[in-house]
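You will see subunit A twice below: alongside subunit B first, and alongside subunit C after that.
Now for the complex of A and B:
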């Protein structure tokens, strides 16, 4: 019946729906009539907001426009992307190097936009790799991952990469506590309590260039550090981490890590840690981790192995960390725009505790402690508690803020978003989501000044929401207008991978800085070809370097002969275009890797090992002009023993083979 | 009452007369607001008013009468160029270097066509300011310049914007003059 009504509405029978719309809402009529107008961005118009979504198990980050929900780009980060040559071109392979070697996949969970004075500054966006612990920095001029740093002593890099209000530090807390990297990890599993540790890495970020470095690590008890948030405003200088499995169980955590009434939110005084490090109190440990950097000058990445970190064991510094009891297996621990309130979301709790930063400081001062947990003082629950939101919903996970004194909490089990007032601890509104919501995002919602216009819910299950596509269905986002008292759903849109956390920022902070081309005269690639006159083929033993150019619509050279079996051929392709939105592609038959997509002014390299003698065509894969189909060429491969001379050309129909031409 | 008006032939007539998408949206919005008003729905506004720059640029240069096919369209005029009779050899040498990187893939310096026309004689076919405007501002000129459009019919590839600075464009012009025999 309801489906019919929707059809009727579309076909113009407004009378029926106009009456129907006053009836109580259910799953298909929850959208009100003007929703489509609110989410409609006309062809040729821009969206107001960029939304950066973690790709979850896709390992990538996606960029959507809001309010339209249109997908603009998938930025390859931790997983290879043959479409863009990411992890396949010689230049990008080092970006996916780790201390374990080349890793082609990971699981990207959380997204953080860089901040200045507690507001999104539109310079970089960071993402974490959960499986093989790393953090990536994406430059928002180029929308490209230009730095990845690995994290030693970590596993399940989940409470990451949350950052401080001036992007001084990113944190990376380990979810799966493990024996430290340089300890013998070959120990019985039931020695968890003795041998397993949870490390929190503090990664410094260069103020100008964004370069990341592991400043120090905190060695903490072996629990599961789940999520984190930096303090801001009054609480700047502190970090908050939710922890579960304070039972320190090592099997069937579903049951065994849910025994205690309360786990903890751990408050870390990172300014204090900084002082201890400066005073030389840290101990150095030998470890191995890589630091990968992509240079936009050489259009190439390098991977460096680093061998040392500085560690503070929090047991030895009793004024560094404090535990705030939090019911029950907390997941989100989110800090409001003022920095005063910290919201804990116990996955199994029937209430939402709100902690007060100023009360916490007083409790520390007056030593209102309730013993210690593995050497860390435990603050009395009531001493740091501002109050509790009673019966908010089932399965609270994450909270974002609108800057108007309200908080929005996702309820996984009851599939709803609940709006509540922070000061009054009263629920104001609740809306159903479809279904099983995880993270939430308000535009600039974790900053000091959220915009309070849109809220997006990222849902784990879509079931009946879209046309079915077999057993595997898309995950989805749902957009709400939160400018009024009531939340109003205005759009569903499917997402790539599984979105965990996402962040959104006003478009004006990014769009004006977006880079259009790489200047060819600034290209410092080792194998750049600046102009067709410089194109050539150079043999160095069995390595053959092809200095190739492309422009609408030909390659130079486009005929190459004299490649022999056993050669390794490197096509270094320089795009000579200097116009926006004119990439060229490059693919050669039988290449066992991928294509290249070469941006204007850029040089990229595809390695190709011929498989047998013959004629091998290559072509441009990115439709570039009316004569794109003509953008092709040939490589002749001869047996290893042949004496075919190495020749290359463009625009010359060479004499036939009986009269070999000399170059 | 409201629904009667919406479903009447008269309102359909309004819809069909207003052909642009914008108008359609406004009308739809008004209707939506109108027929939900009984439920206390709030006022509705279009989601975004931001206009893409390409659209703005088009709006600014709509008047076809303002186009001067001798000068082309761009920032250069014969006064602003004020060419000397004699060749500036250093400038021409710089121009040749830049042309090698940014132009030579498509243009020969003879009269032979490659992707685009050969450069021989270009300074006699076009005014210097036309050349300067065309190489720094190709897209708007290809859209309206008769000579550029005639060339596009032959070459079928729009000359790309190679992002030349004013100084680079001037150096290339000097190289073209040298290529045409000016000493």
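Now for the complex of A and C:
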């Protein structure tokens, strides 16, 4: 009897243990003992890697250090940032101009580091605006957005801003096909098939200065262009675009755009397109798009409205584009470091097709076609296919590479990262992520020479990973050590906005070029003040220009009288400091505006329209020195009819103070 | 004077000329906010290093700003050194011991006067403070050390000869050795 009871108890305990081991893995089972050591960067020590994250719906780009996951900076790009005066100062307002006017927000999805010979060169990082199609270039000396170009004929600028191996071109494919800009867009939506087109923009990048220009656009069938990658090495000269909704549905896409068993990866021979453009085969179209440039010399941005693009209709050039069938609404189409393999990730597919570039070329040569899609030859699936990875996971999205013959694919639905061998098409390892990974990146993982030490997963769902903050939670990134055979999770870190793609690069490529100050001697701002003696206040009608300087710990002038109601006051504040890490800030009480943050040697302008007479203090907002609290001043505003003289001063009262009468 | 002595004096002259191309003195400043340090380099005819930054910081304590043009020394120092270099060459050429001793005495005198002058400047800058300065610490002066280390509020100041100063010292030592050698020689001759 007793024996039976013992047996029962033992088997019960065994059953519980067995059940436990069947439970899905959780954090404690995937984080091993020395993970904290691997992610630990001691105070005062530098990280090995810069990680540039798209901010998604924040519109900005954030800069993290790896392996620590520390946030260094949020670079304002497509959204206003009152903290830095971005979009508020007179100098930066033009950066957010578009053909639709000033747009204060956008959705930055993908980042691309500039490349030379297929490797990150640390000069610039590019980001796309998804909503009002634009591309921005950020200078990695100053970590400042210095150019933004708008893209006509486009909507949902999603397959963007992917670039070629020497940064010859950035591409920008439209996710929402739309009627072209100069066509009548006021048509029934159900005429999608007749009236909607998908445009791919090729934006050239200046070799030395990085200046962007729309070299040409390809007019393609009206489908949804999702993501893209340039060929490299053997496939240099080609671009690959994934596309879905080849059903050309215009409503309930989640069902209607998922009908076909295969959509396409479109291969574009851009060298050929270049030749056609050179031969004058393009047609010019009148469009409107804005090109904004920030000058480091004048510390000011300017906007230019451009009016023409050159277009090639791919239907008219049969050797320009080819369709490779790819299972079920492909998302990522990623090219391995050799340039030979192209990995398509069908969001709804149960396998991962790997295409071979050399087989694709042979198929084109031997015309192994399976008809055409809207005039574009469709290559037979097997003719370009290298092979399929069977049962990789559910919901494959994006793939990057470690340079050792392995690929890493994010699986949204099964919430894991899967490591597999490209040649053998075999899964090597899989790790759970928390939860539902979107993009992932390996350090320089899209280059010819990835430095495969770390992989970062950017997850869409955070849930219980951090202390809760109400219904709205941060987004989460997870860091993996991939130097061994098995991937090892070593860190979680929260991110700003909602990162989509991110890129990581060895710190040494950027760190040494980072600028410390702007030289005051080289400041060519129209309203620069190169010394306190030059500070002044100038009235031009109802516009008042204040030529103001700041230095630890005062503004010059710090007392201003004679401003009248109806005036527009422009504070042109020059930071005279020439020492590293001594910015000053500037804010005025009641200004319907933001603050300024002025870096050493820089001039920035805050526009202020006083709304009533009285006394209006201003002060330095960036703790600059032991006497920062003393860094303040007053502006006196008088009624429009008053005759208060325009005076300004520092240190001595102007007008002279009257002695109070003694008793 | 022996040939060796003459060569010694010529080398001293060359070193003196060399000292006019490099900084002769440096004052290193370190503070918690300046882990990379700030340096004031003193040349024979100008100030170098982080002069502007140091001036910016010194306004808190009401110290006068440093400007090359405020120092008469910078317009003559170079020529005094040229004079000594020329004088040395003359000594080497003529080989007269009396002139050698005169050179050495003048050189030592110059060295002493220069150091006194340097101390005087340091004293004046360290004590002649604006009474309206933002930071006034009763009894506190900001005279940097003539040579060596001193803590001045949050800054540690370290004052030492720079390359030119060392060249200067070496040429002085060379002259001294030549003088000793010649003195011994003359004693031997007298026996």
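Everything below uses one rule, namely that the second predicted complex is superposed on the first by the 625 of 663 C-alpha atoms of A that agree within 3 Å, B and C clash if a C-alpha of one lies under 4 Å from a C-alpha of the other, contacts with A are read in each partner's own complex, and residues count from 1 in each chain.
Just so it is clear, a residue touches a chain if its C-beta (ideal position, glycine included) is under 8 Å from a C-beta of that chain, and two chains touch if they have at least 3 such contacts.
If you're wondering where the values come from, they're calculated on a predicted model, not measured in any experiment.
When both complexes are superposed on subunit A, subunit B and subunit C occupy overlapping space and clash.
Once the two structures are overlaid, the count of subunit A residues touched is higher for B than for its counterpart among subunit B and subunit C.
In the superposed model, A:549 lies in contact with subunit B only, and not with subunit C.
Shared-chain residue A:626: touches subunit B and subunit C both. By the document's definition of touching, neither partner reaches A:295: not subunit B, not subunit C. Using the contact criterion defined above for the overlaid structures, shared-chain residue A:519 touches subunit B, although it does not reach subunit C. Once the two complexes are laid over each other on the shared chain, residue contacts for A:47 go to subunit B alone; subunit C is not touched.
Contacts of A:578 after superposition on the shared chain: both subunit B and subunit C are touched. In the overlay built on chain A, none of the stretches 3-11, 93-101 or 147-155 of subunit C clash with subunit B except 147-155. When the two complexes are laid over each other on chain A, subunit A has residues 551-553, 577-579, 625-627 in contact with both subunit B and subunit C.
Here subunit A touches subunit B in the complex through residues 12-15, 17-18, 21-22, 32-34, 37-48, 67-68, 484, 507, 517, 519-521, 530-533, 549, 551-554, 556, 576-580, 582, 625-627, 651, going by the rule given at the top. Contact residues on subunit A toward subunit C in their complex (touch as defined above): 551-553, 577-579, 625-627, 630. Across the complex, subunit C meets subunit A through its residues 52-53, 56, 59-60, 134-135. Within the complex formed with subunit A, the residues of subunit B that make contact are 2-3, 6-7, 21-22, 25, 28-29, 31-33, 35-36, 38-39, 41-42, 44-52, 54-55, 100-102, 104-106, 114-115, 156-158, 160-164.
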